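Note sheet for the following structure.
Chain lettering (A, B, C, D, E, F, G and H) follows the sequence in which the chains are written, and residue indices restart at 1 in each chain.
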Amino acid sequence: MLAFIGTTIFCFIVWLTLTFNGHMWGTDEIIAGIFLSVVGGIAARKVFVKDFKMANPKRWLFFIAYLGPFFYQMAKANFDVAYRVITGKINPGIVKMSPGLKSDTALTFLANSITLTPGTLSVDTDDEKNLYVHWINVDEEALKKMPRPCEPVCSTFPKWARRVAE
Amino acid sequence: MNVDWLLTHSPALLIAIPLLAAFLTPVIDRINKKARDAFVIIVLIIAEIIMIALAWDVFTGSAHIYTMGASNPTATIPSQAAVPIRIVLEVDGMGAFMGLISTTVSLAAGFYSLAFVKKETGQGRYYTLLLLMLVGMLGMEFTGDIFNLFVFLEVLSMASAALIAYRFYYGDAVEGAFKYCVVSSLGALMVLFAIGLLYGQYDLLNMAALAKVIEYTTLDKIALVLLIAAFAMKCGAVPMHMWTPDSYTVAPAPITAMLVAASQASLYALFRICFSLYGLTLDVTTVGIIIIALGLLSMFVGVTMALPQKDIKRLMSYHAVSQTGYMLLGVGVGLYLLGKSDFDTYGMAAMEGGIFHIINHALYKGLLFLTAGAIFYKVKTRNLNEMGGLAHSMKFTTIFFMIGALAIAGIPPFNGFASKLLIYESAYHVSPILSIIAMLVSIITLASFVKVFHSAFMGPPMENAEAGEVPKSMIIGMAILTVGIILFGLFPGWVVSNIVHPAAQALAAQAGYIGSVAGGA
Amino acid sequence: MTYVEWLIYIFLGIGLFFNFLASVGLMRFPDVYTRLHAGTKCTTFGSIFLSLAVIIYGIWKYHEGDTPLISLSIHTFIALVAIMLTNPTGAHAIARAAHRSGVKPAMAVVDDLEEKEEENDDD
Amino acid sequence: MSEKTNGNSEGLSPIVKVISGMIFPFIMIFSFYVIMHGHLTPGGGFQGGAIGASAIVMLIVAFGARHTEKRAGEEKLSLFESIGGTLFILVAILGFIMAATFMSNFLVGSAIFGEIPPFGSNPGILNTGGILPILNFAVGMKVIGGLSAVVLAMALVSKEDD
Amino acid sequence: MLETTGGYWSPIVWIVAFIVAFLMAYIMWGMGEKKHAKGEQEKPFLSGQDEPSKEAVHVRAGNIYWGFTETLSGYYDFMKKIHTGIINDYVLWFLGMAAIFFLAIVLPGVIM
Amino acid sequence: MISFDFTDPFILTFLLLLVCMLIAMIRVLLGPTTPDRVVGLDTINTLVIAAMIIYGAAFDEVIYIDVAIVYALLSFITTLFIAKYLEGGKL
Amino acid sequence: MIYNIPFFAVIILIAVGMYAVIFRRNLIKIAIGITIVESAVNLFLITLGYREGGVAPIYTNLPANVVIPGGMVLPVPQALTLTSIVIGVAVLALMLSFVIRIYQYYGTLDSKKVRRLKE
Amino acid sequence: MTMIEIIHIVLPVLLIASAIVAVLFKDLLASAISLAVMSLLLSLEFYILEAPDVAIAEAGIGACITTAIIIVAIKKTERMEVEE
């Protein structure tokens, strides 16, 4: 039931965003929105809500705060790729990392962040929530240790992921 | 809610009721299987009754026009509507005639199916598709709009393809359905392309409005080529007939009977395009010769290919091709003479013959396919070599088969003779060779049915056949068509003057068609 | 308002540059994984900038009095969110599928995943 | 290039599952938006229905066909489709019971979807269009049910030799 | 009663004629020998051979009109070659016929 | 005077995005393995989305952006299907 | 002239699709060919309705007092195309489900071997 | 020749190229991908021909459903086109 309400509210917010056109929403839009959000909530409640951690507003604040460093990293990543495209210097490899996250949501968050940031691309996961990352320029230092260090690949992302989604 | 009201709305009702029933059938199917059967039969009977009432009104009065969504159902185009893109249903003599065929065959097939598919799974879907086929046929026959013709053609093709593959546990059923599907979708795409060509020039989709302004330019000719090719293929004219035996053979028997009516809906579309859309603007001699040639080829190749077949339904399918040739011949002669002074003397008779043959063929070929299905139901094989002596156990089926076979061969008191006589006599005036080939084909038809009769019904009884007659509902289905054959055979004069002549008249008189839709040409 | 226009031009330029880079990277890199780097990161980044240009344009127009154009910005933003959600996930799915279908990373100095898969095969 | 057999689990990786679950309601609401605003913006019953069906197709590929079938079986989807079709025809038939002809727009001027919009450029008022939004809705239901049932049925056909 | 261009056709008359003929035949049959001696005609004499069973005598469908198909074997071989059962050929026939129609209908107008 | 015409830079961007698509399409044609082609498809997808947004802005058409949203949401599904095929296993 | 280019594209696309249907023997390829032909016909219809400098035929989109050079693009061909797309996807789904069944019974997708029904 | 006209030339060329490639590939999966590209470009073509309605429909159908069912069909049958 709680899952249904959460999904419905999410659906309704999306609906309002979609139908905003510079004026206030009309009553008809609101009524249709509520009706269809309920339908969407019924349809999606089982897949959308797994737990209620994300209901905490603090997490959303963290998420917004996270966007800043994320964009910085992303820009860096792109200039990195630009550099590699132009020079053709690559030293790739697939490394295993244990970020130590517990939930799938946090792992997803981390994996997508990793994919969009410097020289790395998440390839696979396993049951112990380890990430396999394709690294375009493998650091020689990192190869020596067996539980590979997280730092060079995903800087502070696991911390953020833990704050936001776990 | 009086009769007039019903008659006014009947063109729309005839499409809406089966469509609604098609969507409701799966819902009722979940509740109760018996209720679903009863529901389907009741809907088919209602459609038949409305169709007869409408046809009677059309034959005695004038054509019905129905404009969807207008403030007045009979609003004609130029006066009430500024843009002629409304969905217009138009039922003239020919449309009503074809509608009668479709509903009658569907009713027989519906009754027949009750027992025939009893053991299959997914019957809810079967009846849905059957009703959709009916919707497709009626839609093709009633629509006054060339694009809706395409839409209903596709509805019909898809429902038919799904039904051909209904018994998917036979591999060849799926093969036949695939071939049908490829061929018919390509044909329909060509139709759509032609519609695009016409629309691009005249900004019109309504057939009557198009007929008024059409000029027979080069693009129009290309559109005509595509339309003729596509519809000739869909009605199974040689040499584009190869899909016909493939798909007719493997479909369940009631569906094969429906497919015959479906092919005739395509034939109707072909005639409608030639007569009502292009009319006298087109080069009637060339197109007439093309259609006559297609007819002759279909007659001859169909029947000669039928003769050595060992598969009973395949044999009958080739006969369907051959009989389509008669219709093409009859109407082709009419088209060839259209606008000439000879038309009144024997062109009209030829068209009457061709059109009369459509209904006769739907009745007796439907009946024959149903008897073939009855044989399959008992013997579980279609191979004639493995049959024999069925007359001992299946008395009704034998009688029905005999009537059908005699009718298709044109043996006198039955209806096949009457229409063939009209075709022979009028085609003789064009060229005696046409009549001679037609008679020869008739003889070979008789010969091949003698073969079927001999090997399936005569001889010592089979050991492995289940004894006894087929279930009652199948007999009812066959009996409906048999009664039709006998009535049409006994009163051909009445039928021709009251049913066939208005239909032929409606087809031949293009001005009347335009006038009825556009309100005064 | 010219500096708004210049901002939009610059954003468009950056977006185009990265999108172009993505195409070039797609041609230059030797194997699937490195191509994915180019094809995902750069197009996402480029699309972000192109979208930002359009968002700024919409807000600017809204500010100038063309009220309905605010929904240009909003819808673009929604499209942007959709891209940001789906693109990395798609890249991940392809990378995983590629590895499982047996495409080896070219010039790889280390491949932990393969070791894991070999362990799995031994089981 | 050999096909490895170690991917025999249903569905895709957990990351894809999470993202799919996240955007599923998003696609659904977008599809409803396209359906309901069919008479105002591009789109309509069919387009929205195709988008909604795509959402279910996404669940099929992300979570596995059998898993999806437990939630929304083919029977249910077909029923959904039938209800949509029935609604469409019923509205059309109501046309000549309430007004003159089959499919006539009998809701114009009434409280439901009956507002008559001003001519010219306007942002779009939802409460217009007469029976069109209802027809769009019916078509949308039908298409969502139909297309997703088709894909689900095809995904559930088992290849006999494996 | 069906009027045609050259005459008319009435099934009622035909049926009456048929019934009359049937009656005449029946009367003739009735006038014949009423009883026949049992036991005389039961075993046909086939040069001393046993009479084959009915199953063996029954002509199967594949054998009927063997002569006809054999006479027209050239035609039938050609037809069998055409009916390949390959879907590509079906479409090719369709396009070929469309091309022929094109030549017949469109080309004269273009050339003129 | 006339302020700088905004239509042109957007259209120019659109055109250049088409060029990018052309390059990405060569990868689709050449791609030695299927994943390579899929990468090309994915890139073209994103480029098309960007192009649609740009075109919508060029003509001030809000409604056109909806098409871009549809693509952004649905192109992902194609990718997932191909990935599922390559991974193997039951659907 | 420039706006006639889509018509040439239509012709070439139809030719390509027909080539696939006639000369390719794989059944899925045939289905793909039909899809291409259908796309070509759709493109043809849309191009018919296109007017240079027109705007999309959406009611709320029509400015009250601005004259658009091309007027609105014709809406009817777009409606036709939508119908045709619907039909196309239904046909494709039907055809491919037949293909799956055929593969189960014949073990091949070669149209030369899928010919149990012939003569 | 304005830029819009160049677009109107380039896009059909890309469309035809992808269609030809889709037909010529022996690998049906690659063929399906090419078909997806074609439908994508076709949608863009509809889009610049001022038919957003149709573009959405083509997007929903072409981008998702068509490719999905073709890939399902390939998965249930076989991937390579074999011609001897």
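Please note the rule applied: a residue touches a chain if its C-beta (ideal position, glycine included) is under 8 Å from a C-beta of that chain, and two chains touch if they have at least 3 such contacts.
Predicted model, so just to flag it, every value in this text is computed and none were measured.
**Student:** By the touch criterion stated at the start, how many steps lie between subunit D and subunit E on the shortest route?
**Tutor:** 2
**Student:** Can you name the chains that touch subunit B as well as subunit E?
**Tutor:** Both-contact set = G.
**Student:** Tell me which has more C-beta contacts between its two chains, C-D or B-D.
**Tutor:** Of C-D and B-D, it is B-D that has more C-beta pairs in contact.
**Student:** Between subunit A and subunit C, what is the separation of their C-alpha centroids in Å?
**Tutor:** 14
**Student:** Please tell me the distance, in whole Å, between the geometric centres of subunit B and subunit H computed from their C-alpha atoms.
**Tutor:** Subunit B and subunit H have C-alpha centres separated by 38 Å.
**Student:** Between subunit E and subunit H, tell me the centre distance in angstrom, where each centre is the average of that chain's C-alpha atoms.
**Tutor:** 52
**Student:** What's the distance between the Cα centroids of subunit G and subunit H, rounded to whole Å?
**Tutor:** Centre separation, subunit G to subunit H: 10 Å.
**Student:** For subunit G, what residues touch not just one other chain but two or more?
**Tutor:** 21, 24-25, 27, 30-31, 55-56, 58, 61, 82, 85-86, 89, 93, 96-97, 99-101, 104, 114-117, 119
**Student:** Which subunit E residues reach two or more other chains?
**Tutor:** Only 79, 83, 85, 87, 91 qualify.
**Student:** Which parts of subunit H, given as residue numbers and ranges, touch two or more other chains?
**Tutor:** Residue numbers touching two or more other chains: 32, 52-53, 55-57, 60-61, 64-65, 68-69, 72-77.
**Student:** Help me check something: in the complex, which residues belonging to subunit H touch subunit F?
**Tutor:** Its residues touching subunit F are 3-4, 6-7, 10-11, 14, 17-18, 21, 27, 29-30, 32-34, 36-37, 40-41, 43-44, 47-48, 52, 55-56, 59-60, 63-64, 67-68, 71-72, 74-75.
**Student:** Could you list, by residue number, the parts of subunit D that touch subunit G in their complex?
**Tutor:** Contact set of subunit D toward subunit G: 39-42, 44, 46-47, 117, 119-124, 143, 147, 150-151, 153-154, 157, 159-160.
**Student:** Spell out the part of subunit G that touches subunit D in their complex, as residue ranges.
**Tutor:** 56, 58-65, 82, 85-86, 89, 93, 96-97, 100-101, 104
**Student:** Please name which positions on subunit C make contact with subunit F in the complex.
**Tutor:** Of all residues in subunit C, those touching subunit F are 2, 5, 8-9, 12, 15-16, 19-20, 22-24, 26-27, 32, 35-36, 39-40, 43-44, 46-47, 50-51, 53-54, 57-58, 61, 66, 68-69, 71-72, 75-76, 78-79, 82-83, 86-87, 89-91, 93-94, 96-98, 100-101, 103.
**Student:** Inside the complex, what are the residues of subunit D that reach subunit A?
**Tutor:** It is residues 13-15, 17-22, 24-26, 28-30, 32-33, 36-37, 59, 63, 71, 123-127 of subunit D that touch subunit A.
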